[in-house]
Each structure stands twice: as structure tokens, then as C-alpha cells.
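Below, subunit A partners subunit B and then partners subunit C, in two separate complexes.
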Partner chain A sequence: MKRKQKKKTRVIPGFGLSLGVTVTILSLVVVIPLCSLVVFTSQLSFSDFLSTVTSSRVMSSYWVSFSTALVASLINAGMGLMIAWVLVRYDFPGKRIMDGMIEIPFALPTAVAGISLTHLTTTNGWVGSLFDKIGIQIAYTRIGITVALVFIGIPFVVRSVQPVLEKIDPQYEEAAGMMGATRCYTFFRVILPEILPALIAGFTMAFARCLGEYGSVVFIAGNTPYKTEITPLLIMAQLQEYDYASATSIALVMLIAAFLILFINAVLQSRTSKIVSGIE
Partner chain B sequence: MKQKQSGPLKWVLIGGSAFFLFVMLILPLIYVLSTAFREGIQVYIESVTDEYAVKAILLTIRATVSAVVINTLFGVFAAWCITRFQFRGKKIISTLIDLPLTVSPIIAGLIYVLTFGRQSALYPYLQKLGISIIYAVPGIVLATIFVTFPFISREIIPVLTAAGTDEEEAAALMGANGWTIFWRVTFPHIKWVLLYGVVLCTARAMGEFGAVSVLSGHLRGKTNTMPLYIELLYQGYDYTGAFAISSILVVMAIVILILRSVLEYLGKKDREA
Partner chain C sequence: MEQQYYVEMRDINKQFGDFQALEQINFGIEKGKLIGLLGPSGSGKTTILRILAGLETAETGDIIINGQVVNDIPASQRGIGFVFQNYALFRYMTVFENVAFGLRVQKWPKSRVKERVNEMLRLVGLEGLEKRYPSQLSGGQRQRVAFARALAPEPQLLLLDEPFAAIDAKVRQELRRWLKGMISTVGITSIFVTHDQEEAIEVADEIIITNQGRIEQIGKPVDIYRNPTTPFVARFIGDSAELENVHLFPGFEYAADQIKHAIIRPEYLTVYKKGEPVEYPNSVEPGVVVQSAFRGTVTEYQIRLSDGTILTANRLVDTAPLAEGEQVQIFARRLLAFDEERAFPVENICLAGVRPYVI
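Moving on, here comes the complex of A and B:
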């Protein structure tokens, strides 16, 4: 059967050419540079690697990056779910504009977002001055980093939940309603399980993106060592001192973290889809 | 699908979403535009026609066009290869294509520094040939290509998968050559998503900051793209200048969003027809 399939598909010409072009460009742009990372890593001594990635300044940068990315992604999960719900379930004037707005963080260069958010949230900025009155400073603190990361992450959850929400059959809700479930109960027991995989996927994508974000954060963070210094900034600092060994070591830790997040997401996806579909 | 739910909850949710999006997304745009023109139109024009500003704009255009051309070429061939044939290593290829999305831009810059920089095995050869990549324009172009690498192929692949291979097979059996099949059968399916991918790729390419920042070396007038030039002005406390250049990018972003929705609409209409 499989062989037959293979033979059948090769009716279409251009296999050699398309594979050749794909592999060539892929090698030049992605594979060779990645190999050089591996080669360079293999030349590092393990004790140097360990002392670099566990030094106190680097350790506190992990915490800054991780905690702000986590808080920002949680905020985005909540707000993103609400926005997706509003966009799918309700009709109101300006809906199409709201829908188109969601992609602003993709289209607006991160540096522009960074300087603009910084100026808005400094103690004499439009928004920052309001918060300053109640004693909260946003720019140049971790709150500021979180604000920048919320900006970056908005589209991820909305765009991953929206299509799933659109596909949910309203009959389920009607049935639940007829059997006497409250709206709140219906939401948590009928709708939420359906959209949970999409919500988790959006959350992890936003989280992974936030961990690596650089452009918007450098301006708003203030970059005080131990307090508001994110890990990508540390890599940048090492690179500017031509300390490639340290930069690569820290980068490896970040890469491993990113792959772990994607892996956990994949595991959660397969588990939740099993629960939803009921097939073990 | 749309429920007739009235009552306060609906308006609370709509109001909450609108307020959140206004503060997080619209206010920054308004701020950029208002600050750019704060000191009058004259200062604005001076800022954006400054010699270094023009050079930064030209470099950004160059990097963006290169990224779009290479990634379109790659995207079409890769999508054809992945969706039209069964072969070993297909999974690996598609994983590698998506890899740049998961890599932090700083790390993207770093791997090019390691490949072409002074400690690389390639460095002596490059120097003999007189090619400089790091801290020069080719590095910036490469970094831009890397961060936008999967954008076009990712848009085309799902559409070609959904379209199936029957039409191409029929055309091939009737004796059409590969070129004819592509232009007459496949291309009509993908023209809107291809353009859509180009728009997304442009958006990301013109705004890339982290990866380009690593590879640029920040030579004013030589290796500064628009976002890097904005950083330079900002750090020199020339806020009006920084926001003036930013305003160009804001307008570009709005144009891109409008194009995006138009293309999405056209694509949907095409599929339904």
C-alpha cells in the first residue's frame, strides 16, 4: 500500500529540483549556523560552562526572565480568552477593527513598541503618572518588563483560541442549558475543556516568545544587574565584550529551556486531546 | 452561531476587551505619532531626511527585500517538496524550517557570529576572499532572512495539503510539464496565501531588532537599520528624532495590517467560490 502511494505521488514532476533548492537554502541559513553552535559548544570546557551559567548574575537574570514571562503569559491567557470570546460570540460596532488590531504586536517593530511603552509608563508619562500617584512605578522595573511582554504576547492566545471557539457546536451549550446548568457552569464544564488545548498552546507559544524577547524589553527594563536584567540582554553584553564562550553557554541554557517548553506543550496537547476525545 | 445574549455581561466583556486593547495597543501608536510631531512638522521633516536616517531606511528596505525574495523562493519550493512528495527525512526538514521561530533573536545573531566571526574556521577563507559578513551588510541580511525564514512556507503548506495532489497528478498524466503544472494548477491555489506570507515576512523583516543588533556593529550610516537607528537616537536623548523615525514604521505597520485583512478576505472569497 505504502509503495503504491509512493509511486503514485511521484507522477508529479520536480521532486529533485524542489528538494535540492529546499535543502540547499535550509543548510545555508539554518543548518550550518546551528552546526557551528554545536562545534563551538564542544570546544567549551564543562566546568567553565557550569560556572558561567550558574554565576549569581546569570541566575538572577533567569529568574527575571522566567517570572516576568510567566506573569505576562498568564495575563495574556486570561485577556486573550476574553478577547477571543468577545470576537467570536458577540456582535458589536467596531468588531472588525478590534479583530484587525490584534496583530499590531506582530506588525509593529519591537524597538518602536519598546520606546513608546517606556515613555508612556515613566513617572511623568501618560499612564505612568497615574500609577505614580498610587506609588507604583512601571518603567525601569519588573512591572515594566511584564507590560512589554504582555504587549508582545497578545496575539498568540487570541489567535489560537479563536478558531476553536468558532467551531464549537452550540448544541452542547443548549443541551447543558436545558438540563439546568447555569451559564457559568456551562462555561467551565462544557466550553473550557474544548478550548483548553488551544489555550495551552497559545500560552506556551507566548511564554516561549517572551523568554527570548529582546527588542521591546531593553528600553523599558532599565537593565539593572540582579534586578531588571533579562537573560537575552546578558548574552548581548557578553557578545559586545567578544566573550563568545560565555555568550554561547548562556544561549545553550536558553535553547534547552525553549525546547523543554515546546516539549511540555506537545505532551500536554496529546494528553488533553485524549481527555477531550475520550480515546486512550 | 451568534447567540442573542444581551445583558450586562456582554457589555462588560466587550468593554473590558476594548479598554485593554486600547491601552496596550492603540495608546503606544498614538504616543509615537504625537511625539514625532511634537516640535512641529519642520523638525519632523529634518529628522526623517537626515543623511543617516535615509541610509538607515535604505538599508532596511534592502534587508527586507532580500528576505522576502529568498524566503518566497524557499517557501514555494519547500512547500511543493513537502506537500507533493513522500520521502524520508520529511519530518526533519519541516522541523528545521520552523526552528527559527523558537530561537530567540539574540541567539539567532549569536549563531551567525559563531559561524562567520573571528573564532570560526571559515574566517581565514572569508578574509582571503575579502568578504566580511559580521558587522557588515551581509550579516544583517542573513539575520533578517533567518528570523523570517518559515513565514512564507508555513502559510503555503497547509493550503497545498488541503488542496491535495489530484489536480497536479491529472495535469501530469495529461502531459503537462512541471512549470505548466505549477503556474496553471498550483499557483492559483496559493496566490493569496503567498502574498499573505510576503506581507507577514515584510512586517517582521523591517522591524527585526535583536538578531540584527548582534550582527550590526552599529556603524552609523553603514550598518544601521531603522530599528537600530531608533535605538541610537533614543540613547542619545534625541527623543523627537527617535519617534519621528518610529512614526514611519508605525504607518508601515498600519498599512501591513490593512493589507493583511484585505488578503485574508480575498483568500476566503476565493476558497468559497
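Moving on, here comes the complex of A and C:
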């Protein structure tokens, strides 16, 4: 008896069609634009490319972008975890409103956020004037950039940690409590491992987003070359001078950085999911 | 003389909002016993366990463990090991770390932790699996880890919440026997919650039956099975069918005036095929086989009486099989009669002797 089934039949039809549409959209939106980056960049010779992406102004913009993004994402990881914790674990009036407010950075045009944050944090602003008294300037410094990036990144952490925190079985804490563990010990040994994958995912997403953030930062940064100039701004500057090859060269570096970040995230995620799902 | 109990609950009341979860709970447990808390879902059995453990607090009443009132003592200092329904094993810790958790928290020295964990794993038969994560274990193995984890800090009392609920039927049988053996080896006073009467009857030394936040009956499985004292227990325990018209059943007419309700269990019934010799021909009732189900050693028949009541009866597998729709004769040895407050058995007049005895 030889029965060869050429085509696997599926319960829900339309696999071919839906995959086709998916691939088309992905190509149009993601792959083709990214490829064009490489094509444009290839107009430069390799040595030109290197000298463009390693010029001292560009190098210091990398430093500004990466350092502020990292600090902002670390702050977000801590703050986001705390907000998610409060929203999941406690009941209080206004909880729903607070929950909804988390998404405002997603919805708000980033320029609006940039302008209002700048307005608040200049030396005459409400917040800025307070900090000015103790000698800290926020607007037009890297602190200002970090503030803007914290604002932009917070929903990523909250929204990735929140559902995981909601699903944690209260029996874990009861079990730890029955054996005499303090709340602190229980949090760090039992709960944190459960939410760590989500926290890392939120952190990397926020980090990747912060690296590319432009709209809100340009207002608050002041854009002093070598000091508060972020990489996306440099790309924009090159574009305005019709130097597409240089712009795409710098963009390519940022693209590789983004890929690396997401790759590290994927590796970390698969390691933890192995432990939970038991697949060796 | 008041009996000395190891674990005692006195006048416990508990409310969840408007819902009276527990009402005047009183019971005592002797040291070293294995107790089954049995009841339908929502009857308060898990709440009793959680109050004992200190995971919930009662509005009134006292909880006494080993002669000490523990109402205000936090859960972790009551000397209780708790096995949760879904085991609550920590997913990001190995088997070893899970079992060692309680010991680490109590700051046992490292060498003793290692020694004790290995001892526990040997006891539950999981040597060599120390480095596995819970996800890499079968359901039965996970339960053993939960058991080892609860016992590792040397508790005085072991509480188990539906210990077999998350395990498939085949392994459950084996685990029941294992758990009973294990608890008697360790010699620890234990209470387990279950909604499965078969489980409670097989495993427990003593059963506490709860219903709607109250205790219905406390006793040895045999006593509870044979002599249920309340209507609820009579209905709940055993494979019971309710009898509407007691006086219709030959042999029980003498008691029909006193009996308002009665139930009948398969083991009280003998079913005679047409032509088989009948021991008490005056006391048989005709019926029709409605359904049959092969159960291995016995075949289970659903038999309809003339008034429409359907009874369940068994016949051994080596007797002649009955076809569906076949006319048969049924003899009942006894009934369990009950009114609003109490339940009592009634014997068939043929077996009760010359002077029928009604409690």
C-alpha cells in the first residue's frame, strides 16, 4: 500500500494566500527599504564609507545616542516594572485612567512631547527652574535627551511586563511564604525570574526605539555638535545637504546596531523559554 | 475526660463578603493520622485547609496545633508543610533548588541542606533528577518534588490541597497508594482535601465531610460508608439512587410510615434473571433493564422499576448477562432511610428476623 499525499490538507484554508500577502507586505514595508539602504551606501567606496561613519562628529553622536538610550532604558526597566507592579497588584481609584495613560507616548506626536518637555525643563520652565537652583540643567543637555527618551520608552516595558505579572500564580508566593521566605526574598528568587524575560524584552524594545528616536529629542537636545547631537539628527542633516550616500552609510551602522540588540534579545528569550517549556 | 487532639479547630467562622464560607467548624485530629477533607466544590474544604495553614484568617474561633493556639502565628512559623494543588514548583529552579528552598530560607548550613535534600529525593525516589527543571518532569514526578519540598523543613503537619487533581487517572491510582505509604513511613500528621469520595475512602484514616460550609460527619471511611448520619452524607457517599415510594418495595412495608426518603446502593441489591433461583421470593420487585455497562469484574445495570425509579445494580462477570429490555427481579437487603436531620439503615424484613428493628 503506497499512499502518497502530495499536498497536506489543513483545517483552515488559505495558507498560500495569507503567506503571500504577508511576504508582500513585509517586503514593501521592511525588506525593500532596508535593501535600498545598502544599495545607496554602495555608491561610496569602502574607505569613503569607513571615513564617513567614523568621522569624529559621527563617532561622538554614536556615544550620545547609545549612552542616553542605555541610561533611559535602564531607568525605564526599573520604573516600568514598578508601574506594572502597581497596576497589577493593587486596586485604587483612578487605576483605569492611569493604565490608559501609559500609552500616551505611543499616541502623542513625538514633536509635541519634545516641545512640552523642553518647555518644562528650560531654566525658566516649572521643573527646569527648580533644578537650575541646584545647578542642574536639563534642557539642551544629555540629561534632557534622557528625559525625552524615558518618556518615549516607558510603555514598552510596562506593556510587556504587565501581562506576565498578571498571570503569575499567587500560589508561588504562598508556597514561598509558607516556607518562611520574606517578601523581598520571594520577589527576587521567585517572581523576578518569572518576569525577567518580559523585562528584558521590554528593555531591548525600549532601547531600540530610543536609539532611533528623533522627533522628541531634537527639541530638547539643543543639537550642539559633539555634545548633544544624536545620530538620527546627523542622518537628517546629511539628507538636507542631499548627501544621500553619507546619510545611508550612517543609517546602515544604526541598522546593524538595531539588529544586534534584537538578536541578543532573541538569544536571551530562547534560553529562558527552554527552561519553562522543558525542550532541551 | 477530654481527648487530647494534635490539631484542633474550635468554632471557626469565615465569610467572603456576603458568602458564609465556613460556619461553626469544630473538629480534632489525633497525632499521626491521615485525614481526608471531603466535600463537593464550594463546600469550604479548601478554606479549612488554608485557615489551618494561615493563608486565610478566620473571623472567629481558635486554631490549635500541638496544644498551642496559633491564630496569630504567621503561616511560616506554624510548622506546616503545604502541597499546593498545582504544586507551585518554582519553574526557574532545578529540582534540587526547589527542595532546598525552605532550608535555605531557614538558613540551614550548606552541608546540611545538601544532605537533607538528597535524603528527601531518595525518600520520594527521584535520585538523579536533581538538575532537572520542573518542566522536564512528568505530573507524578512533579507531585513527588512538591511533597519532598513540603517535607524538607521537617514540618509537624502536612497539608495537601487536592493532591491528585492534576494527574491523569492511571497514575493517580498508583500515586494514592504511594502517598499513603509515604505518609505512614514518615509518620507525619496529614490532612488532604479532595472532592473524590473514592480517593478519600481509599487513602484516609478518617474522613471529614463538609457541605455548604459546615461539617456533616467525621468518622472512619467504613463507618461513613456504612452508617451515614446525615441526609447529605447518605446521598453523597456511594453510588446511590433515590427511592420515591418506599412502601412499594417488598420487605420494607413495615417501616414505610417512618421513612420519608431513602436511598439504595448497588451493593444492597441482588438482581435475578428470569429462571434463576430466588432466595426470598416474597420480597422481590420486578424491573426492566434499561442500560448495561461492562466494568471489568462486574457489569453495571440500570434497572427501571414499575414506578419509574431507576436503580443501579451490579452482577458479577461470570453470571449470565442480561439484555437491555429484559425483565428481571430485584431483591434489596437494606435501605438507607433519612429525614431532614439524620440518616439510618433499614433492613429488609426477611433478613431482620421475626422482630423488625427500626432505629
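By our rule, the second predicted complex is superposed on the first by the 239 of 280 C-alpha atoms of A that agree within 3 Å, B and C clash if a C-alpha of one lies under 4 Å from a C-alpha of the other, contacts with A are read in each partner's own complex, and residues count from 1 in each chain.
In this text, contacts are C-beta pairs under 8 Å (C-beta built on N, C-alpha and C of every residue); 3 or more make two chains touch, one makes a residue touch a chain.
Owing to the predicted nature of the structure, the values given are computational and were not obtained by experimental measurement.
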Partner chain in contact with A:Q171 - subunit B first, subunit C second, else both or neither: second
Contacts of A:G180 with subunit B and subunit C, given as first, second, both or neither: second
Which of subunit B and subunit C A:E194 touches, first, second, both or neither: second
Of subunit B and subunit C, the chain that contacts the larger number of subunit A residues: B
Partner chain(s) touched by A:M82 [first = subunit B, second = subunit C, both, neither]: first
Sites on subunit B touched by subunit A in the complex: 1-3, 5, 10, 13-14, 16-18, 20-21, 23-29, 31-32, 35, 70, 73-74, 77-78, 80-82, 84-87, 93, 96-97, 99-100, 102-107, 109-115, 117-120, 142, 145-146, 149, 165, 168-169, 172-173, 177-178, 181-182, 200, 203-204, 206-210, 213-214, 226-228, 230-231, 234, 239, 242-243, 246, 249-250, 252-254, 256-258, 260-261
Subunit B-touching residues of subunit A, taken from the complex the two chains share: 5-6, 8-15, 17-19, 21-23, 25-26, 29-34, 36-37, 40, 79, 82-83, 85-92, 94, 96, 98-113, 115-117, 119-120, 126-127, 150-151, 154, 166, 170, 208, 211-215, 219, 232, 235-236, 239, 242, 244, 247-248, 251, 254-255, 258-259, 262
Residues of subunit A touching subunit C in the complex: 169, 171-172, 174-181, 185, 189-190, 193-194, 272, 275-278, 280
Subunit C residues touching subunit A - in the complex, by the definition given at the top: 53-55, 75-77, 80-82, 84-86, 88, 90-93, 101-102, 105-106, 133, 135-136, 149, 153
